[in-house]
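There are two complexes below, and they share chain A, which is joined by chain B in the first and by chain C in the second.
Presenting the complex of A and B:
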């Protein structure tokens, strides 16, 4: 069995320097989740790896679905077939939080160039996840995004990240991350409070 | 010069743990503000403790003068977070809500180990650490022939705070504190150091029989007196032979004073204590001129017609004269006052001092009569100083003929040094003329605010235990830089055996847990000093600190 991060989860559909969308099949949408860290792989060394947080997944309709929605009785088999042979991909939206030049360290900043269409996109492996979460400089980008409730996104990401750490480091990690968030949200106690309640370790 | 990285600084100063926080603001004159790190527990800190800031090229020694709470937003004070949730508590404390401390910079040590006065402050965000043993040793050195251990800094009880005895004795010294805070014990420790290292000879006016022979401590057991620690270097004189013998003392000399040795100037010092008015003192001076040395005895035995005659033929008025007589009659209770002199106490004291022995004068039961204490202390000191002045002037140019450095200890010092009389009394003169004639004072007092300001400013070293009166606290810090912060420290000392030491004899102000006066102390007094000479850098440092210029008092 291959690890979750070894095969692409999809390919770039659209991109800008602030983020990109990934197209994928229904069958591949199980591994990535809201808050996952992903990376778009460049096809040449001249371009950067772009890292980002998955903040949205959506399923758009197509003419076939529209018909089926109106049909009287649709069999399980037809639905499964529709899922399998969709003509419109499942889309995942990624918020760019960092990039890496060929052989360089990961930098927590918006990338100088967007990824290109059809670049393969992977989940980050635990090593990269730890490398990214060693510094919290990207919290600012996350908390500034207006596209989703940003504390929900950050919380999902932190819980996922804590999950790749050894058990005895998880609490400390969440406290340190919580303090950094507290520093940034110092003018918005309500948001901070909701974030902290989301990451409260059980 | 290039800035140094943290690891380079570690090479200079040694690695430290744990860090307390970072410097976020403040000024040289008002003190520095430190934002405490999240993990630091406020309850582990205390005002009075030393912390060290690493600048780029020097270590700054500071005393914690205040500890506070702050938050980055006022919102949080309006709706405090749920601190019963440990996770939320861990996050909020140290981030949005954090601890602060205010510290007063006291001294700097440069990379090459030189002590320097603080003339600047470290830059923003430098790291602050608890002072280590090594830090303290770098400043206060080891005990040696001229440095004497008087206690340990708070929280570093294995280290020593050493005073420079030479510097201690060449200016006047003050020991202040409320009653029961350990003044007499601290004084005894200082005197023991001075005697053990032969830094000076002492004349101690021992009001409550605290210094010569054994005393009872708070537990009702006996602690040794100086005579018992240094039998060959201390002699006990007494004004009250009976009291001394009752306490098991065999005094070396019983002091008496003849009425005809008391001069009107000796009454001058009693002006406040005995409520003597100008007219009464004028009358005394006139009588001395008219009747000669026996004026007091003549007055006390005068018949009514003689009094009548005085009033009629001189400028003296009746009420003043009878008031003066009533005052002088109080002297008749003093057994040490005799009609004819029985021996020259002044000469006896001086010859002991000359041989390097310190003299403790016990007052016995007269210690409770302030008039007796002031009268005798003034009388003896005036005459001893006269001889000192004479001899110092005679020996001019020939050090070997000079009398030994003399330190005179008085208690209830404000009674001698009140602004109303400090100018006229011998003790005021000694305090003001500095070391010129090799006589300095050790004043012990619980009301420093009642001491004349000019005198106070000449007290080179101040050792102060707990004081709670605001004016007294201000008086002790008069002219000391960084004083506002130190006030907070002083007001929070333990009620016993803690003191702030500042001034001439220490490189920087320090809060000490005073050395215990016990068997270990006695034993140490009997032993030769093992410590090496203090590192020469800190001596050089001392000079840099105070300069070679003549001490002009605290400004």
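Presenting the complex of A and C:
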């Protein structure tokens, strides 16, 4: 059995330097989650690896799905057909937070180039996750992007990232992240309060 | 926009009025048809009905109506139990017709197939297979005329039956019953002289059917919203005195003219029930019996695929005689078709909807294929210009561009 980050979770559908959308199958949608760190990895070394946070997963309908929803007796084979074969992928939206040039460190800035259509997208492994979260420079990108649910996204990401750290480092990590958030949101107490409540250890 | 809708207001009003009058007229005819049907409902009348049909045939009166097979004409028959497992194969096809104004003259057939392992809980297998035809012998007739749409349609129908047979044959070891389903009638439409390879096509069609018979597969053609009048023609025949039967009297359906079969049965059939089995008395069916053998003669019935509490939704199902002779298989086939129709609110079989989706060639795909062909032609040093007519049409139909401040900089 392969680790969750070894196989692609999907492929780039469309992209810009601020983010990208990923298409995947229903059978693959269990691994990534809201707040996961992912990377679009080009097939050659000529382009950067683009890192981002998953901020939305959505499944579009079509007239046939609307028909099926209303029908009384949809068989298991029909549901599996819809999940496996229909040309309606599950779509995930990713906010770009950094990039890595060939063999270099990860930089917390928008990438110079967007990933290309059909580039495979992977979940980041624990080492990459730790490398990204070693510095909090990307918080500003997340909190400044009005099009994403930024506090919810950052909180989900921080809790997931804390989970890959040794247990005795998790609390310190969340405290440091909370302090950085407080610095960035010092003029918006409502958002800061919301974020801190979300990451406060239960 | 070139259609001036305001000029149609009066005509649309008249049309609505005429359709309302037609509806009243049809309801009166339905009542008459039901009276005739009731009069001959008893099984004891079957020999008499068969005698009347035979009389019309003997008189060469051009009778194209129904002949009951072996069940009372007003009988209704429930579906069997839905089997716990079954294999269903469905096929549909579509085409791109040749365009003499394009860069190259070709046509394309695309055949979609879906195989459902009913009861397995597994996703179905899906196959979409395109075939490109560009050779002179396929695209032109003997006198260098472009082949007609009817020819391509006939070749597509035969390709659908071949795909159904190929995949049905491969499933012969899978869960039984094995049902193969095609969208539309099984009875080939009349192949006129304009179809140059009609004899070969009919031969291929019959031998494909034979292979399905060899693996004892159920075969059915599903016709949604049928407008057929075979049973109504039979009722008209029974409505006139035997001495009046002639080409003239059978050229219309007399006082039942305009009435469709489904209007006769839609108050009689409960959900999942079917009518009696009938044979359509047409030259094509005669040819099926003559060339394909008695097992290949086409039999039909109507069934109500609507759900309980809904208005009736009648479809015509065509089956070959080898299926018609096995009443248990018909009951199972009915149950499987009804189950498929309950998957979608349109009450059209899900499996045929998906076969159509796999087969259909969208406008954008046609455009992409044309680009691929143009690229290939250019690579081999061929000119790839569209005709002036096509270029002009494309220019006229192209979307308009809105002016934007700074947009042209």
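Quick note on the criterion: the second predicted complex is superposed on the first by the 197 of 202 C-alpha atoms of A that agree within 3 Å, B and C clash if a C-alpha of one lies under 4 Å from a C-alpha of the other, contacts with A are read in each partner's own complex, and residues count from 1 in each chain.
By our rule, a contact is a pair of C-beta atoms (placed from the backbone, for glycine too) under 8 Å apart; a residue touches a chain by one contact, two chains touch by 3 or more.
Computed from a prediction, not measured in an experiment: that's the story for all the values here.
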Partner chain(s) touched by A:113 [first = chain B, second = chain C, both, neither]: neither
Touching partner for A:189 - first (chain B), second (chain C), both, neither: first
Chain B versus chain C as contact partner of A:31, first or second or both or neither: neither
Partner chain(s) touched by A:81 [first = chain B, second = chain C, both, neither]: second
Partner chain(s) touched by A:200 [first = chain B, second = chain C, both, neither]: first
Footprint of chain B on chain A - complex, ascending: 171, 174-175, 178-180, 182-183, 186-187, 189, 192-193, 196, 200-201
In the complex, chain C residues that touch chain A: 114, 116-124, 126, 307, 339, 342-346, 350, 353-354, 357
Residues on chain A engaged by chain C in the complex (per definition of touch): 64, 67-68, 70-78, 80-81, 83-85
Chain B - residues contacting chain A, complex: 38, 72-73, 75-76, 79, 81, 85, 87-88, 90-92, 94-96
